[in-house]
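Below you'll find the structure, written out as structure tokens, and then a few comments.
Letters A, B, C and D mark the chains as written, and numbering starts fresh at 1 in each.
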Amino acid sequence: MHDLFAIVMLAGIYSLLSASLFLDLDAVDVAFTEASVGAGISTLLMLASLKLVGRHEKKKRYKPSLALGIVIVTGALLIYGTFDMPHFGSADAPVHNHVAPRYLNESMDEIGVPNIVTSVLASYRGFDTLGEVVVVFTAGIGVMSLLLVRRETKDIEKKKVPADMQQQIILRVVAKMMLPLILLFALYVQFHGDYGPGGGFQAGVIFAAGVILYTMLFGLTNARRIFKREILTLLTATGVLIYAGVGVACMLMGGNFLDYDVLRHDPVHGQHLGILLVELGVGITVASVMITLFFKFTWRTVKHKYTS
Amino acid sequence: MNILGLYNYWIVVALMMIGFYIVIAHENLIKKLIGLSIFQTAVFFLYISVGKITGGTAPIYDERWQLYSNPLPHVLILTAIVVGIATTALGLALVVRIQEAYGSIEEDEIHAQDGSDELECQLEAYGPRQKYLGAKRK
Amino acid sequence: MFAVTSIALLVVMALALIRAYAGPTLYDRILAVNNFGTKTVLLIAVIGFLGGRPEFLDIAIVYALINFISIIAVLRFFEYAGERKTEEES
Amino acid sequence: MEIIIDTISWILLLSGSFFCLTGAAGLLRFPDFFTRIHAASITDTLGASCILIGLMLQAGWTLIFAKLMIILLFSLLAGTTASHAMAKAALKSGMKPQFLHTNDK
């Protein structure tokens, strides 16, 4: 298959399928993330960049038999390696006997949050998550500097709504109706993450998806009026600052870094407050980085359209 | 010992090798990125399937259930997915810049261009600067 | 009963997948992807009941949402990408 | 009462699966895009509604019911709109329905 568009669409299906598989393997939070990130944002970014690089792959004449050989040998070695692994679904595998029982048994007393994934993510392993948020932040900065554009010219600004979307009136009306619900749902996912699947990462991505929907249907200029570049940059940094700030606040109040017990008189209440703030920081950073990424790619395509 | 109980690892290995093959055998950079993400998903499957316990349920506390799957791999993979999209976006941005600089996203064409006009590139890199210095001296 | 429904949905998804792979035009693929997405939403809802924990319907909502957005994205970006190469896909 | 509700929901689930299957068969077997979108989207709407209402009856008056309701509304709204947008985009890109061709001859 040489049409990259079709390939990206099949990759989107693959993401949906793998998310269903995660759901079947009891990883609801992971399924949530994979559905919104892998199937949603990843496909969107791929499509936007296909618009820039063209959608046809050049045909190749030779057969890469050497590559096939390497792959088969590596695969055979890996399968040989699996013979020593614990069986699928067995409860006495080494993974289940290290720290996991502690998380499962004492999370409810120590943290007081029903969703154990959230409590591990934001509290037990909060330091890891801070690192991940910084990685997302850095990637946002990287894309910003790679796809830097010069000042916007005047004639582009006149073009408010994309031409092909002006025709789709029904689509635009329905999308306008749905937009508040999507943003509301994102907030629900954000603050319900303690009790069900969800949390800052997923909520940020869903919020960004709502904004991206608006951008696609009503044009970049309209979306830029609400989400100005300066505000987005500020928000990207603010999220990381909130996360790290909670950690520093814990230190100032006499605990360790990101040790939420000291935030309130009751340790469980402190944990609740800490997780809420930290997830908020994660959500803000992820949402603004995703929106920025999409804006950067779309902006390039608009520029291409007018210069070429 | 029942070997068939290991089928989850075989699926992971198969997916991983498909991703690996796409990365090394295809010249198109977008296809390479997709292969990379398939490889990535294979690793996610490995972690998540290790965390599954037969008869367990999702690790969200509820009175009706006693046995939960292991939450630790879920946490690791959740963050890994978000970091994965961040790196994919960075890769796509690089591909876009490569397309602008070389006019192609096929790896062999890029290499061919690099080989043929290496000298020109050097001239281009040094030429204007020398001119500028020369002008300054005058 | 849930098992019967979920098997039927899986069959539907497989058929949609064949259509998505076979094409022949890009719009057929988009249609198949859309159909696949809506069936996944239903499958997740049914599997929740099958597994005895139907609380996780948030995921199905996200699927429906993402499916809609990605269909719009494909339509939006495809029209422009079509402009560059005027050759119609056969 | 319980049995009646269960029976109704089973009938709805089964008929929903049937409609989805017919839709998929149409998607696979029909000759061109416009007939395929017809088969897929119309049977889809009915099938999805049947399955979701059947699940709602199983759930009873809980939060699950409300969430299923949201999914139903969303899929009715988004599914139809997406089908409309697809058909319109295809028509605008110059794709002609096959049956017009045969009638013209």
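Everything below uses one rule, namely that a contact is a pair of C-beta atoms (placed from the backbone, for glycine too) under 8 Å apart; a residue touches a chain by one contact, two chains touch by 3 or more.
Everything numeric in this text was worked out from a predicted model, so none of it was measured.
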Highest contact count belongs to the pair A-B
Taking each chain's mean CA coordinate, chain A and chain C are separated, in whole Å, by 20
Expressed in whole Å, how far the mean CA point of chain B lies from that of chain C is 24
Here the gap between chain B and chain D, centre to centre from mean Cα coordinates and rounded to Å, is 36
Expressed in whole Å, how far the mean CA point of chain A lies from that of chain B is 15
Expected list for chain D, residues touching two or more other chains, is 74, 78, 81, 85, 89
Touching two or more other chains in chain A are residues 28, 50, 54, 164, 171, 175, 178, 196-197
Two or more other chains are touched by the chain B residues 57-58, 60, 62
So the touching chain pairs work out to A-B, A-C, A-D, B-C, C-D
Listed in rising order, the residues of chain B that touch chain A in the complex are 2-3, 5-10, 13-14, 16-17, 20-21, 24-25, 27-28, 30-31, 33-34, 37-38, 41, 44-45, 48-54, 56-62, 67-75, 77-79, 81-90, 92-97, 99, 105-106, 109
The answer for chain D against chain A in the complex is residues 74, 77-78, 81, 84-85, 88-89, 92
Chain A partner, complex, touching residues on chain C are 17, 20-21, 23, 26, 29-30, 33, 36-37, 40, 43-44, 47, 55-56, 58-59, 61-63, 65-70, 72-74, 76-81, 84-85, 89
Per the touch rule above, chain C residues touching chain B in the complex are 51-53, 55-56
Within the complex, chain D is touched by chain C residues 1-2, 4-5, 8-9, 11-12, 15-16, 18-19, 25, 27-28, 30-32, 34-35, 38-39, 41-42, 45-46, 49, 54-55, 57-58, 60-61, 64-65, 67-68, 71-72, 75, 78-79, 82, 88
